[in-house]
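All chains are identified by letter, namely A, B, C and D, in their written order; residue positions are counted from 1 within each chain.
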Amino acid sequence: MKKALTLALALTVGTAAAQSAFVWPSAWTADQNTGNKRGGELRLSAISDFKTMNPFTSSEADSIPDRMESGTGLFTQDPRNDEFIPYMAAGAPVVSNNNKRFVVKIRQGMKFSDGQAITADDWVTTWKIHTDDKVGSNSYDTFFLVGKPITVKKLDNYTLQFDFPQPSASALSIMSYAPWPDHVFGKAYREGGADAVKKMWGLATPASQIIGAGTWIVDSYRAGERTVFKKNPNWGDWNKDSRGQELPYLNTMSVRIVADANASLAAFLAGQIDTVGMRNADDLAQTKKAIDNGSLKAFLKANVSPQATSQWITFNWNKAGDPAKQKLFRDVRFRRAMSHIANRQAMVQLALGGLGSETYFSTYPIFKQQIDAGLAAGAPQYKYDLAQASKLLAQIGYTKKNAQGYLVDKSGKVLEFNLSTNAGNTVREQLGRIFADEAKKVGVKVNFTPIDFNTLVSQLTSKGENRPFDAILLGLSGGSNIWSFGSNVVPCGTNLHSYNNPTDGKCATSQEQLMTKLYYQGDSELNDAKRRAIGGQLMKAEGELQPVIYLVGGNFHVAFNERLGGEFPANLMNAYYGQRLNALTFIK
Amino acid sequence: MIPFLLRRLVQSIPTLLLASILIFFVIQLAPGDFLTPAKLNPNISPEQLAALQRNFGLDRHPIEQYFLWMRNMLFHFDLGLSFSYQQPVLDVIKPRVANSMYLVLLYTVLFYLIAIPLGVFGAVRQNSLGDKAVNVFLYFLLGFPSFFLALIVIYFILQLRTKTGLDIPINGMTSNDFDSMTAVQKFFDVTKHLIIPAVILAVSDAAGLTRVIRGQMLEVMRSDYIRTARAKGVTERTAIWKHTFRNAILPIVANVGSLLPSAVAGAGFIEVVFAYPGITPMILDALNAQDLYLIAGFTVITTVLLVIGNALGDILLAVVDPRIKVG
Amino acid sequence: MTTTAPTTTQKKDKPLGQSQFSVAWQQFRKNRLAQAGGLMLILLYVMAIFAPFIAPDALSSYSTSNITRFHPPTPIQFRDPDTGAFTRPYVFKYTQQLNMDTFVNEFKPSAERCPLYFGVRGASYKLLGFIPGNLHLFGTNKEDCSVYLFGGEDLGRDLFTRTLYASQISLTIGLGAVVITTLIGLMMGAVSAYFGGIVDTLVMRLVEVIAAIPSLFLLLLLRSVFPKDINPILALYVILGLLAFIGWGGLARVTRGQLLSVREQDFVSAAKSLGASDNRIMWRHMLPTLTTYVIVTTSLAIPATILTESGLSFLGIGAVEPYASWGSLLKAAQDGGLSSLNTRPWVLIPGFFIVFTVMCFQLLGDGLRDAFDPRKRA
Amino acid sequence: MTAVSNQTRRTMPATGDTLLDVQNLEKFFPIRGGLLSRVVGNVKAVNDVSFKVGRGEVVGLVGESGSGKTTAGRAILRLIEPTGGQVLFNGTDITKLSKGQMRDYRREMQIIFQDPFASLNPRMTVSDIIGEAMQIHNLHPGKQRVDRIAELLQKVGLRPEHMRRYPHEFSGGQRQRIGIARALAVDPAFIVADEPVSALDVSIQAQVVNLLQDLQEELGLTVLFIAHDLAVVEYICDRIIVMYLGRVMEIAPSRQLNRNPKHPYTEALLSAAPVPDPTVKRQRIILEGDIPSPINPPSGCVFRTRCRYAIADCANIVPELREVSPGHFKACIRDDIL
């Protein structure tokens, strides 16, 4: 079915405009720039300073290379129907070898910002560098399936051949990585290897040396203050709006570095930046107040969709040093009891200011179809119920309480564990506090401490039989709407399989084995409905096992200054696609 | 004069050396070594780690390491590598140190601009209503932690902004269109951003200096030579400004050097509140990321600047106050 | 050693002999402001000691069913709204509703009245760490209708309670650090003066070095020696130690100078000629010469240390949950962003406690300085 | 322990009954300089000083300020450690004693200080000050101590009720009396009176000198009386030692020294002193220039740079202290003068 659709698209877009521009559908914006307003600046903010301009060493969630990658990729997802359509590709891929080989024609006439043509070499070089473990690229894992590499080959200057080790529903997404100039990185890599690549494009590199294929290229960087991007002069050659005008409309995009989210809200309310993420009811109230008293002219829409993130508590199954705890954490009744302890209602009210929802699955609530499939398959939800929690704990053998009111086992040992989260994240600190305080009510002693993020992550991702934590409260973001289970989360042995990560990477339970199997099965299933059904089975297995206790998710709200035009139509706005495409944004 | 200058500078060397030893060994005390955070960073390859280990001699005895660190610093201006930025520390901190210095400089100027007139006023109109009012007000301010004062000021600025629409910057160091400005515009833009934090700092600190100046003025005014000058028929104005002022104030002003360490530290809190791209916000980040070379680098550089500043202050003091022997 | 009879006689008849202290005390008694400061400080410390009793709630208690997040302060009413007559003091029970238009969680007083009682039973506590109790100075006796003198914070915990508990940490860390600072300063100064030579050089250089490194950075550097995730109570001790470590230099320098000059004074030689031991000379003759200086610097150093501690807590490296200090309460306010300032300004109240305490200490310190300074005697 | 019985004044140093024998006493203060604080020189405050003091004798030690007389006095009591030489007290070399051993000797030797303001601890009452010595040596325990203090106060001309007061409540003269009472508290045999009256008003000086003299006679004390003023010393001393720049210039019985000084320096000192008897005329000899630096004293005779009799040899020969007539010693190579 999917193949048919892409073929149809290929007929309309692919062949007719093979060597001409990609036309951005007018349905992608609610606000057509009919007056062809051009120029101006989109003013954004970022909370931490940028660390590098090098796409191969960058590891931050929000980075300069990241921002330069917008407006690239062989395929792009259509927010109307989640389908991938050819973008830098000239047409749909030719699929063969049991859905494992993809031959892609590249759109001709595309140029990097320095005027060099974008060709197959750029994709091949980029792939090579990302997959060199000496470089240590963050994207390394994305070029592997089940531990086997995906290979990229140049057939001719404008033809690429991708070979996958097995079919993947995410193939088009995987192939849509951003190409970086072979004449810059390829040259360095061939001459100096990984080390030469890593030395390139630091923050001190003059902006004039930074070259990109996407919408934006760096114009200037001021440490700790602001990075200004200007439009790539050659990008408009192959990106046109529905009326044939070159994109983007904007001249520049600036990213201001602010101390924290409060500062960026302040800047937004002061009209100094154009849009800001609304974290909670407080932010909404502030914005609404500013709009109502006339000091800010802005668009505000609350509760657009659930957030595409999760917050959870994971228990460490690998505690050889403390067999009692290991046994406890491996006991499914204990984990279900913990889910019963999590007062998600209070968490939404207290930590999220009332705007959010309870979550019970690894699948983000925004992927509603998948959630529905899971519920249909009978995935359980262990809701807040302290009586039930007490009952389950009694089954494990915790019936007596000591003088302080904590449950003790036969030997008099208190039922307690340490729970950490990253310091500085107020929402998580509150979630942890609420969890600990509720646990106390049933007699479980939770020692909750916020610690440094890096330390926390290194504990979480550590491998071995005796890993250095009891329980961690953290969140995940990312993931796709095609197959919304994490490749590095669900299968045993992957680095975010946080509850059980022994040296050999083997599953500890049959449910894990089942989940791992279902994960790969779903990942290689190209049919959407079938894939969701498999996902439903996975959610059921996961729900019953409760390896990770999911807590709550906030809501996604949209706010932007009214000087901006070109946002998505209301039905396309959500946490996954955001509020707009920068290319179609213009200043009114 | 020149030998005095030289000797004063030479005298700062042992202080600097000891400071560097202290900083180095404090960092040695920190759990793990310089590379522990790097080992957790997947972007740093084992080869790179090994190279770093060699460069900084981390496999050697701490004392030897210290000398390597010093050698790198003195002869190559190499303060090590920032792990979170993957760049030489010096490149990362240079703009931050400069930014902080702008703030401290403006603060210092304002500090004296506020404290001197108030102190002189207090001395000349001793125990008048105005003197008492100023005293009480400054006393009140003395109790405010600078960051708390800043929060309150921001509150009022926000109120003012909603009411008048006046765009008073309360965040950062430059405006959005900074890069397209002329040099003069840039100067005023930065000043505009600096003025509120600097004023807050200056006002919250001014109480101490105002009282010192007031006391000093009073003491000089009561001294015999001023009495003699008055007796000679010198006007009140001349007596205050020419005779008293010079003797009472100049040494205090020239002693600016000793003020610097607390000024730099005090500015830190304000930098955090105003999201000013200075030293402290970055040190806090570095602390979170265990970016030890970065912390050490900042500390070393600011210490060097301060010791030099102190030396310059002493020299300045010697210039304005002939009582301090030159030689 | 036996107490000499004259000493006791002297204590009996104060007016006959006027010690330096009694002179200073007389002087101090003339200074109303300083006395007021001292009195207020005594009140503050009493308040801190009895915080668990005065506070209507426990440090960290809140409800997960009856959410009172950012509950506004509840004014205490004395009059019956219908008749206007005086009644037992009461507060109104508040209702709340998230207004989906303004996104403000609106608290409104309902008609229900919750009378206030003195001496209610509530959360149990241990005074000074060992006197158990559950009696509270005042309260409503109703689970879902509490009195919020200073309003509620982000988990709905009573800010008045938290401010009181925070005063325990804010007031003791400042005091404790200064005590340790003074001890270290005296000891290092004495050691420096006594041994002289290389020890002296080293100590004095160390003092110089500590003074040369900006104190905030030195604190941050030293803090980095300890892992970020140390036990919260340990973190408090660490801060205490760090504050003491960076503060002793000035005192050591003065102590050394003073001891060196006192050593040359005739009354010390006199004691030596009488055959007094080094110990006796140090404790009876040399160190007492520093008392005035120590009293004055200490009383002025405490407010400075309180300010520094609040700053560190504000930066998030001082008191951390489950403990609270005034600085960390302010950090919570700062984390709340603009809303803290314009929709719930009561979260800034702890800041005024800092201001007030520091002012009291300043007044007291200045008073003491003037009292001990012969030049300022009227 | 009681004081040695009173004896009549003697004009000769007691050979058989020497209480104090100072031999080649030296006190050098090192001068540090340069970057590494090395010793670059010495202040020779006391250089090769020898003399004897008989039991019950009052000996004056006289010199300009800077002559080393105070240092010598303190070095004898080991209030500052002498650099060299010996101090025999009752035949024991106290410079070799340990701190503990020295404590017993401290009872025997006391000092009265020049500055009555600095020598009393302002934080102690009079009874604490006087009682401290008794406390240290465990004398007159309990109730007796108060009585003893009262007795001492009366002895020095103060009232017993003064014991509860603090030093700052007394005048200079009264303070000096307290200082004397403190010195007497341990019943010493030997007292160094270090310019005890020079800081006092002239009107009070006499009272204090008289008090000292009375006490000396009453208690049979041996006193080393340090002064810069020959007039005071002449009045109460049996013998006088004249010091200049750390060295002894002349030792002679009081009267003899005054009448017939043998050393040019003594002569100069005497000519500067006021003379009570207007009929005695003295040739005014003005010392030229300042006293030279003790860091770098002149070679040979240290006084030669200011001596009006100086000859070439004075620069080469360090003059020995020679007995020129019985009991009269001088350190000068020239016999042809005076």
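One rule holds in what follows: a residue touches a chain if its C-beta (ideal position, glycine included) is under 8 Å from a C-beta of that chain, and two chains touch if they have at least 3 such contacts.
The structure presented is a predicted model; accordingly, all values stated were derived computationally and were not measured.
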item: Between chain A and chain D, the fewest steps along chains that touch one another; value: 2
item: Busiest interface, counted in C-beta pairs; value: B-C
item: Relative to chain D, chain with the most remote C-alpha centre; value: A
item: Geometric centre distance via CA averages, chain D-chain C, whole Å; value: 55
item: Between chain C and chain A, distance of the C-alpha-averaged centres to the nearest whole Å; value: 46
item: Distance from the mean Cα position of chain C to that of chain B, given in whole angstrom; value: 27
item: Residues of chain B engaged with two or more neighbouring chains; value: 272, 288, 290
item: Junction residues of chain D - those touching two or more other chains; value: none
item: Residues of chain A whose C-beta touches two or more other chains; value: 266, 423-424, 452
item: Pairwise chain contacts, counting only pairs that touch as defined; value: A-B, A-C, B-C, C-D
item: Complex contacts: residues of chain C adjacent to chain A; value: 60, 62, 64-65, 67, 69, 98, 100-105, 154-156, 227-229, 231-232, 316, 320-321, 334-339, 342-343
item: Sites on chain D touched by chain C in the complex; value: 37, 74, 77, 79, 102-104, 106-107, 109-111, 113-115, 118-125, 127-128, 131-133, 135-137, 141-143, 145-146, 149, 161, 163-166, 169, 179, 182, 185-186
item: List of chain B residues in touch with chain A within their complex; value: 37, 40, 42-45, 47-48, 84-87, 91-92, 95-96, 99, 161-162, 165, 167, 170-174, 176-179, 272, 275, 277, 281-282, 285, 288-290
item: Residue ranges of chain B touching chain C (in the complex, touch as defined); value: 14-16, 18-19, 22-23, 26-27, 29-31, 139-140, 142-148, 151-152, 154-155, 158-159, 261-262, 264-266, 268-269, 272-273, 279-280, 283-284, 287-288, 290, 292, 295-296, 298-299, 302-303, 306-307, 310
item: Touch list for chain C against partner chain B, complex; value: 205-206, 208-218, 220-225, 227-228, 303, 307, 310-311, 314-315, 317, 327, 330, 333-334, 338, 341-342, 345, 348, 351, 354-359, 362-363
